[in-house]
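Below: one structure, written as structure tokens.
As written, the chains take the letters A, B, C and D, and residue 1 is the first residue of each chain.
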Amino acid sequence: MAGSSLGTIFKLVTFGESHGDCIGGIIEGLPPNQKINLLAIQNELNKRKPGQSEISSSRKESDKVELLSGIFDGYSTGTPIGFIIRNKDVKSGDYSHLKNTFRPSHADLTYQKKYGIRDHRGGGRSSARETACRVVAGAIAKQVLNQIGISFITYVDQIGDLQLKKVITVTKEEIEKNSCRCPDKELAAEMEELILNVKSKGDTIGGCIQGIINGVPIGLGEPVFDKLNAELGKAMLSINAVKGFEIGSGFKAASMKGSEHNDLINQDFTTKSNNSGGIQGGISNGMPICFRVAFKPVATLMQNQKSVTKDGKEQILEGKGRHDPCVVPRAVPIVEAMAAIVILDLYLRQKAISI
Amino acid sequence: MAGSSLGTIFKLVTFGESHGDCIGGIIEGLPPNQKINLLAIQNELNKRKPGQSEISSSRKESDKVELLSGIFDGYSTGTPIGFIIRNKDVKSGDYSHLKNTFRPSHADLTYQKKYGIRDHRGGGRSSARETACRVVAGAIAKQVLNQIGISFITYVDQIGDLQLKKVITVTKEEIEKNSCRCPDKELAAEMEELILNVKSKGDTIGGCIQGIINGVPIGLGEPVFDKLNAELGKAMLSINAVKGFEIGSGFKAASMKGSEHNDLINQDFTTKSNNSGGIQGGISNGMPICFRVAFKPVATLMQNQKSVTKDGKEQILEGKGRHDPCVVPRAVPIVEAMAAIVILDLYLRQKAISI
Amino acid sequence: MAGSSLGTIFKLVTFGESHGDCIGGIIEGLPPNQKINLLAIQNELNKRKPGQSEISSSRKESDKVELLSGIFDGYSTGTPIGFIIRNKDVKSGDYSHLKNTFRPSHADLTYQKKYGIRDHRGGGRSSARETACRVVAGAIAKQVLNQIGISFITYVDQIGDLQLKKVITVTKEEIEKNSCRCPDKELAAEMEELILNVKSKGDTIGGCIQGIINGVPIGLGEPVFDKLNAELGKAMLSINAVKGFEIGSGFKAASMKGSEHNDLINQDFTTKSNNSGGIQGGISNGMPICFRVAFKPVATLMQNQKSVTKDGKEQILEGKGRHDPCVVPRAVPIVEAMAAIVILDLYLRQKAISI
Amino acid sequence: MAGSSLGTIFKLVTFGESHGDCIGGIIEGLPPNQKINLLAIQNELNKRKPGQSEISSSRKESDKVELLSGIFDGYSTGTPIGFIIRNKDVKSGDYSHLKNTFRPSHADLTYQKKYGIRDHRGGGRSSARETACRVVAGAIAKQVLNQIGISFITYVDQIGDLQLKKVITVTKEEIEKNSCRCPDKELAAEMEELILNVKSKGDTIGGCIQGIINGVPIGLGEPVFDKLNAELGKAMLSINAVKGFEIGSGFKAASMKGSEHNDLINQDFTTKSNNSGGIQGGISNGMPICFRVAFKPVATLMQNQKSVTKDGKEQILEGKGRHDPCVVPRAVPIVEAMAAIVILDLYLRQKAISI
């Protein structure tokens, strides 16, 4: 399977199944002499890990990352960073009923038909557990980018029908103050209530995440196919459960007129509005890069559902195991990690065109 | 500039500026012994070219493709296909006023700052003229895919606030019956009226395109980063003026519950609903692949706009030249071409995992 | 650092320094449902590991590979295989004298200047220890290739001036019968004597390895840049200490005439001679693929040598540590592994051109 | 066919058959604002083209390159450069006898079996005519590299058994003074005589080319798989008729002792000898990069040869057409072009690791 690699210069390759010994990856292309803060990486992993609050899965994973190479006396050496995260709280027995069953809206059927074989335990390779590896690479990318003035704000702006309306200035601290990672305190409380309500019925719910990248210099993004928005979109759409991506004005642009949509340019080359979402012609224009990502509701329900076996027989799938009623708050660090990976890669690609 | 290449096995590289001698490309990885119908390629180009109707630019381009290699006695030989499309109706004088000016929501500023130099004539490399090359590669990909039962339906489903509501069975013939490429005749008439109205005011308008891919076998798409939806999303987001992409339920998924969203599986492994849009875990599940693409309104207006020169001085930009009031109908063959390129590439990647 | 990845479909990425916790890698693109024999992998690693005989380094490494993913019930699942090999017998103290010294004909200077930082212990990333990861990937590739009738014969054909002259039929068993891995018993004894003699003087010696690949079907190799010989050559030249590569007639071809060199074709499409080394126009022609690889003598001597510090000061480098007087016999499994990786990758690339 | 692309940042993709309309390519990743001297490119093509002297093919090709994009007012814009070279002196009738015949030591059989179809005229895609495209890209790369102090010396050092022995200082002017491109005037005269003698018998002869790259800064080359020597070796082995590649001491290293082979380091970090050929651990060390490439004799003879048809029937192949008795002098600009492409690509890759 090709497909487990991302990036051109700053590259991540991941491996690992949900219920194997460990998951892990290799990061290639990290510039040398970068100070690596292990604690900051672990901190990002902690934001993603299950068992953080009542609204997430009760699976207990320490998600402790072990960096195996590429760092010497606390600094990157320019050689690849190998890393692993052990799978600790594995209850594979929970999944024995899935060996021959295809769960609705899961990847069971498609993996089985694609490969003719699959590790059915906990979703195997298709489990969102793989995204922990992305968080490691993203946390490292962010450390490098922060030093050159690029920073990330990522938060939940929709759960179900509850959508953030007010334009507000958001800080990273504000976002982390509630379990929903929504910067509007009152809306966050409503969202939490909605999620608990949905959970109590054995159901799940979707949502949206807003990402903002500040401080990106003008010039990142490689026309014509590797436009910044195209690379960012691919990265987001590769996250489990993502169903949509929009940049700047997004789908609203479809009903707008050019005279409304155009971002008039100021004399300092900033723009008066930012419908472009910080990108013109696929290249960053120095304005904040703004994007939005839609997540479907988790497919595993704590309800009985009709399903089908490998042999095409009907089967009732009982709702059991430890799952999230809403995955969106835990997806915030994943979205941010993917954004950081894309930006660092394009930053380094831009370096490569200068003599 | 890296960035002008797309694909892993079936690869397209393009070159060319809007006002140079020609644009063109190289297609690598086309399987040998495929019958190539030149007329069918030209037919797709004709759907994209300007000057088709009152609602498109009056620029006259024959957009005649010349295939230069890789074909022998009408069949592909397995070697690269080089091709060019000459630029005929070039009026570079029209653009002399743009030499030192950055147009709002165009790529003038970003190209200038990225490269320190740009061909300003007709947008140079950032012009959507480049997409003609994609249409050539897509038309060839479609010929191959049609033979193995994969077909494409692509149409306009929104212009401004006018959106297709009824679920209807659509044929390719129906779509081509009106200049808007909308399969609902009455809505198409309204759309045309809207576009002409907008045009009469020197303004422009956005819209959305719906794509449906039928007959895709189970198993295409490479987890984890090169998921079918991620590759498709990247391809669409690399098209000029695209602001959003969604697969299956898309942004609607955010407000849905798992019990509504899950696609229950039938005994023949089809699903009762198709919120997944034909893709689960990044891999095709045999159901139609359904996606939607949002386009912003064209940035060039036939109105005066405030702009800024290279030196940061304010300047009034006069509305002139030959431009589209709405680019969405002409984008239909581009969207379809990109879909075909992605599917053929993933089809061939799937071949590469079998011994 | 890009550069730690190899292959297009069957891909290997490696990480790790000589004196870190472990080295390891990720194998992508292995077809699913392949039976994986762990013992056979370990067996190949044992052929490479130090401490096998008097003519190799006395460093003791168990070189036990741990496969971490991608295998289920003994079969490959099509997902990436992550693996690690722990560094056991690490005596980093041995290397403290090298912290600020650049050893002659080692990579100390070049790593320091390239990255501005380096892990000096045991050569760090530049150590040939990294090749153990290649042996793992190669051993897996060989298991797959053996099943489709492709097999490998690799042996030492030159140490110093002692070169194998007679054309003999060689078996894998014969090669493993002596510590030099030379199929001519008497020559092997002479080689061993030469190596021990050189060792007794604190010196080292170079040599050549011959590789033969049998059973390769006609049609592997991708013209024009990824010719089979080009890919094979790159793979071999990426092995530490390799100075030359030749295919078929090799450098002898330079003094031959066309009428001598041409391989006349038999009616069954085999050829009467094999100066082409099994490759024509970069594509396998069904004849055995024959190549030869030259290794320089190990740069670490057990003699005092003049060296230079980071600050450009002269320094006498004492000969100490545990090193090989001749690395060529231990390089046999590495050469074979690289050949297997290249052939499997091209085999899968060929699959990708068929509809 | 994947395989027609070379490079990571500075990329070349080529297309075209010997007897089609034209051959051509696309160069991606050329840094912007580089002055492009068209005459200098043509000059390199002229060194490669047939019909230069009595010792080369009498085929008359003007080999005039047309640059189609990526250049504005004489400077590169950072966008891809498309180019074509028309095929003028095409006598496809000369090849009709080859439609169903496989010539010995040509790629006829292997192309036919790989693809199931081939353009037999003039060797089609397998013709060395394709290398003209490499010369274009190499000439552009050299213009960029010359500006940063990197220069290339490339010459014939062996034809048949006539080998250059004396170490001499060589200038580019000296090399071009004779039709053999050998810097030793007297040896060149002997070589020419040898070639004419071989030609008079309808036979052909092989040879070797020496390449020297001066001024390469320390630090180019990406360990571990993309070592400078590995990339250079692959590039050379992808040239038609190449059978061997060696770096620095090359195959001689096999019979050397470490105490002889080690390049002792001076206090200014140059080395006293250069057995490493300017590369240590795959990374340039600032010394001249020295390599040698072996070419087989041309396979097309002006003699009758036994051959086989598609159906496995014996056939006498008559010696006719216009061919080179020795291709080595004409290969000098090709070797130099490939070296330049590799060095510029690695130079830009090194840029991409700096923050």
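As a convention for this text, contacts are C-beta pairs under 8 Å (C-beta built on N, C-alpha and C of every residue); 3 or more make two chains touch, one makes a residue touch a chain.
Predicted model, so just to flag it, every value in this text is computed and none were measured.
**Student:** Need the most distant chain from chain B, centre defined as the mean of C-alpha atoms.
**Tutor:** C
**Student:** Does B-C or A-C have more contacting C-beta pairs?
**Tutor:** Greater number of contacting C-beta pairs: A-C.
**Student:** Could you please state the distance in Å, as a whole number, between where the Cα atoms of chain A are centred and where those of chain B are centred?
**Tutor:** Here chain A and chain B have centroids separated by 26 Å.
**Student:** Between chain A and chain C, what is the gap in Å from one C-alpha centre to the other?
**Tutor:** Going by mean C-alpha positions, chain A sits 39 Å from chain C.
**Student:** Rounded to the nearest whole Å, what is the centre-to-centre distance of chain B and chain C, using the mean of the C-alpha atoms as each centre?
**Tutor:** Centres of chain B and chain C (C-alpha means) sit 46 Å apart.
**Student:** For chain C, give me the residues that contact two or more of the other chains.
**Tutor:** 1-5, 9, 14, 29, 32, 78-79, 114-115, 125, 223, 349, 352-353
**Student:** Which bits of chain A are touching chain D when the two form their complex?
**Tutor:** 9, 29, 31-32, 34, 78-79, 144, 147-148, 223, 348-349, 351-355
**Student:** For chain D, which residues are in contact with chain C within the complex?
**Tutor:** For this pair, the touching residues of chain D are 1-6, 8, 14, 102, 104-107, 109-111, 113-115, 125-126, 130, 158-161, 198, 203-208, 218-219, 221-227, 229-238, 240, 242-251, 253-269, 271, 275-277, 280-285, 294-301, 303, 305-308, 312-314, 349-350, 352-353.
**Student:** Which stretch or stretches of chain C touch chain A in the complex?
**Tutor:** 1-5, 9, 11, 13-17, 20-26, 28-30, 32-33, 66, 68-70, 72, 75-82, 84, 114-119, 124-125
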